[in-house]
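Note that chain A is present in both complexes that follow, paired respectively with chain B and with chain C.
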Partner chain A sequence: MVLWAEVLTSIVKFLIFPGIVFSFVVGLFFEGIDRKISAHMQHRIGPPIWQPFLDVGKLFTKEDITPSNAEGWLFNFAPYLGFGAIITVMLMLPVYAAQPAFSAAADLIVIIYLLNIPALAIMLAGVSSSSSFGTVGTERYVVQLFAFELPFIIASLTVAAQANWTLSLEGIVAYQQANGWLLWELPLAAAAILLVAPGKLLKTPFDIPEAETEIVYGPLTEYSGPKLAVFNVMENIKILAVAGFITALFLGGPTAHVIAGVQIPAIVDFLIKTIAILILITLIRTVTARLRIHQALKFYWGFVAIIALINLVYVMVI
Partner chain B sequence: MPKLIPDVLKNLFSKPFTLKYPFEKREPPENFRGKPKVDREKCVSCGLCERICPPGAITLDDEEKPVFDLGICIYCAECVDACPVEAIEKTKEYELGVYDRSKAISK
Partner chain C sequence: MSFVVPVGPQHPALEEPEHFRFTVEGEEIVDVDFRLGYMHRGIEKAFEEKSFPRALYLAERICGICSGIHSIACVEAVEELAGVEAPRRARFLRTVLAELERVHSHLLWAGIAAHEIGFMTLFHLTWRDREHVLDVLEMLTGNRVNYAANKIGGVRFDVEPKHLGKISNVLDDLEEDALRYMDVFTSDRTITARCEGEGVLSKGEALRLATVGPTARASGVDEDMRRDDPFAAYGEIDVDVKTAEGGDVLANAEVRLSEILESINILRNAVEQLPEGPLSVDAPKKIPEGQATNRVEAPRGELLYHFKSDGGEKPSRGKVRTPTMANIPAIIEKLKGETIAEIPIVVASIDPCFCCTERVQIVDKNTGKTQTLTKKELREMREE
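Let's look at the complex of A and B:
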């Protein structure tokens, strides 16, 4: 009996919450909120908040074309590779409580690596499509990946160092519930990771690989129809995953509150914090222009990595 | 740091500038050159409008009164200026879409 219940709970967690359905719905709503707020910042009304659902639905009705010179199996496999990886990340983040849905291997380092697999999937998509736009986009994405990974890893290790070297997100959330948010204790690392977030999510000023005014759509130029829809959904779930990761590391993760006698579940707290991070990313994306790839590299290695390193040295020495 | 941030935050909390077109329309200004319309009583059939029309959108029908083909008309209002008895007036109508080309005329 107990085994049956456990298997059923696992299937529900994987398929519905916080697995595929939850990530899909909330991720697409995040894109809708991002576009709506960006539009109001530009003094116009934007599309309605549910527009990304209509976009994905439309893409599923379009024809699926594979260029004849493309590497067939890799071209077709790349979207699903990225999608699977990002759903796995969502299953390993603390979303509704301090424990993630599947906590067997939910390690800080595993999540950092898994968050790179969608990027890898886009890079493989770029080189396996036979267009030169794809190749250029992939080259730029490789350089950008080198650029932002360094401060990202330094900032994550700073958090682990502060929390007595626990590497599980559960332990980091528990440390913050005892000692307050790490945002106040490690401000430089928090600033570093908030500057890495637009780079990871390919938002202006770091949307260099998919620079639509320069190289059509970068690595995803030759994709159409359902595969492009899967890439689109993957990108949006990545916003939720990165914001959720930053919440777990610096903003205390999901915590349940009791306000005026009403029990507010931890998931509401999680959504409010991730939407706050989303609004910050939207603000940065609305007011800046795109950088060139060598400027992005110089910025990440020259400035952001240095402030993260200062914080790491401070934590380890003091 | 961009100096746009105060402007952007001010925009975020003020009413957007967008006009929700089919539900809210804006009145065209004075002297707007919309659909040309002829008053058949005043017309003396001189033919000056047909001669002056740049793309040739005006033809005279069986009663020698002008008929405007709205698909060819460029809405320049030269016919309005040319008419000696001021029988042609320019209206402010601009929503002139039709599904059938033969209905796009103004008599």
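Let's look at the complex of A and C:
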């Protein structure tokens, strides 16, 4: 009986909370919030925040097209590869408590790698679509991936080093509950990872791989209908996942509060923190122009990686 | 390995259908080829089918942005042929129209330039401010795009005392806006990173390729038809021609934004000095035989109209040369050695208006090769 209950809980976790249904709904609302806030900053009214649901719903009703020049199976497989990886990340993040839905021996390393699989899926999509825009977009994405991954890993390792070399997110969240947010202890690493976020999520000024006016939609130019919808959902869940990851590393993870005698569940705390990170990303994307790919590389290696490294050395020496 | 990146006929960076083929190695452009002809409307031929007043309506519809200056260029060429001169007040009002249009066209350009480098906020804000100019144009002429403000022998709208308050308010706001955008364009780190030193056109090349308008002035060529060959009332109003050094995208932005400020000055002077008098004089229906050429300064540069009459009610030939036509060779020069990332902003830096410039091109449908016709072949085609 106990085994059955465990299997059932796992299925619920995977399908509903914090798996597919929860990530889907919150991810799309995140895009809606992003669009609404940037619209107000730009002196527009903007779409209602449930607009992404209508967009995705419409895409699912469209015809499923595979271009005749494309490498068929890879082209069709890529969206699901990325979607699966990002759902796995959501299951491994502390969302409703310090304890994630599923955990592995070294969560941190696994999540760092899993967060790159959506990027790889987009690159596979770009190459397999046999379009020159896709090829150029993929070339740019490869460069950008190497650019932001270096500071991202250094900043994550700094956190692990500070939390007595634990590689589990649960341990990092527990350390913060005992000693306060790591944002205050590791300000440079936190700044580095917040600057990496727009690059990882392909938001201006780092939307270089899918620069609309230059290469149409980069690797996803040839996609339409349901497969594009899956990619869209994947990118929106990625916002939630990256924001959740930063929350766990620097903002103390999901914490339950009691305010004026009312019990506030940890999930509310988690959503507030992730939305704050989302708003920061939206702010950056609203006040900048798109950079060129070598400028992005220079920025990430020449500035962001250096400040992250300074913090890592500081933590390890002192 | 080099491969071809096609830009257009449908592409998010282009407002109009135009086809560029960039041969690239990695990101670097090694060759550019482009193809015209998607929007050829046969307007020069259509001129010959219309009476002179109707040709004016047609001229106004060549461009959707600088429609006012097209009609001024056309009407002044026809007036020269007919031997009538518009009253002084009408000429001042034409100046007002031309300058309002320059302001809205340059604001529109600033927005498009921001869009091309992915700065959507600046795009939305400049276009928001541009609306105020369109409001003034609507208040004065009744229309926002094709103003129908000119007629042979004068104008069909007037600046009345009740309009003055609104005009001066809008001009004050615009001056503030233009100064702010000037500051943003020259100081924002991401904009300068994208625009500085890109798409350079040296002064020598600008002269050799006979570029016109703000594109030439951004390379340091000091020419402006408002001062060098005055039309409308520019002979009586001082025009301070703005130039910049460098010829890159940033210089283009500086020239255009400082021209907005200069236009605001001209508008203030023109409205202040607005003489009393009639708005139009009668013009003959039949235009005497002869030819007339008129050059004006459109927002994008020198615009040339040439009309020929054989003494009837219809022109026997009408010829238009739009500024983009003169500036297209500059695009190729500017794009040499640039990367794919630079294509949209460098193409946009000449403020192209392809639909005004459209020409027939003979293309082999199967191979995609273009062909040049000699004068002899053209003659043979006409005789067939």
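Just so it is clear, the second predicted complex is superposed on the first by the 315 of 318 C-alpha atoms of A that agree within 3 Å, B and C clash if a C-alpha of one lies under 4 Å from a C-alpha of the other, contacts with A are read in each partner's own complex, and residues count from 1 in each chain.
Simple rule for what comes next: a residue touches a chain if its C-beta (ideal position, glycine included) is under 8 Å from a C-beta of that chain, and two chains touch if they have at least 3 such contacts.
What you see is a predicted model, and the numbers here were worked out from it, not measured in a lab.
Novice: Pick one for A:S132: touches chain B only (first), chain C only (second), both, or neither.
Specialist: The second partner, chain C, only.
Novice: Per the contact definition in the header, classify A:L91: touching chain B only (first), chain C only (second), both, or neither.
Specialist: A:L91: touches no partner chain.
Novice: A:V216 in the overlay: touching chain B, chain C, both, or neither? Say first, second, both or neither.
Specialist: It touches chain C, and chain B stays clear.
Novice: Determine, under the contact definition given at the top, whether A:A78 touches first (chain B), second (chain C), both, or neither.
Specialist: neither
Novice: With both structures fitted on chain A, tell me whether chain B or chain C touches more of chain A's residues.
Specialist: Greater contact footprint in residues on chain A: C.
Novice: Return first, second, both or neither, reflecting whether A:Q42 touches chain B, chain C, both chains, or no partner chain.
Specialist: both
Novice: Regarding the shared-chain residue A:T286, is it in contact with chain B (first), chain C (second), both, or neither?
Specialist: So A:T286 meets both chain B and chain C here.
Novice: May I ask you to decide whether A:Q295 touches chain B, chain C, both, or neither, giving the answer as first, second, both or neither?
Specialist: second
Novice: Applying the document's definition of touch, where does A:A266 land relative to chain B and chain C: first, second, both, or neither?
Specialist: neither
Novice: So, does A:P205 touch the first partner chain B, the second partner chain C, both, or neither?
Specialist: In the superposition, A:P205 touches chain C alone.
Novice: Go through chain A and flag every residue that touches chain B in one model and chain C in the other.
Specialist: Touching chain B and chain C on chain A: residues 41-44, 286-288.
Novice: Inside the complex, what are the residues of chain C that reach chain A?
Specialist: Interface residues on chain C, with respect to chain A: 3-6, 11-13, 24, 26-27, 114-122, 124-125, 128, 188, 190-191, 193-194, 339-344.
Novice: Please name which positions on chain A make contact with chain B in the complex.
Specialist: Of all residues in chain A, those touching chain B are 37, 39-45, 283, 286-288.
Novice: Across the complex, what residues on chain A touch chain C?
Specialist: Touching chain C from chain A are residues 38, 41-44, 132-133, 135-136, 139-140, 204-205, 207-208, 211-216, 286-293, 295.
Novice: Mind listing the chain B positions that touch chain A in their complex?
Specialist: The contact residues of chain B facing chain A are 2, 4-5, 8-9, 11-12, 14, 16-18, 20.
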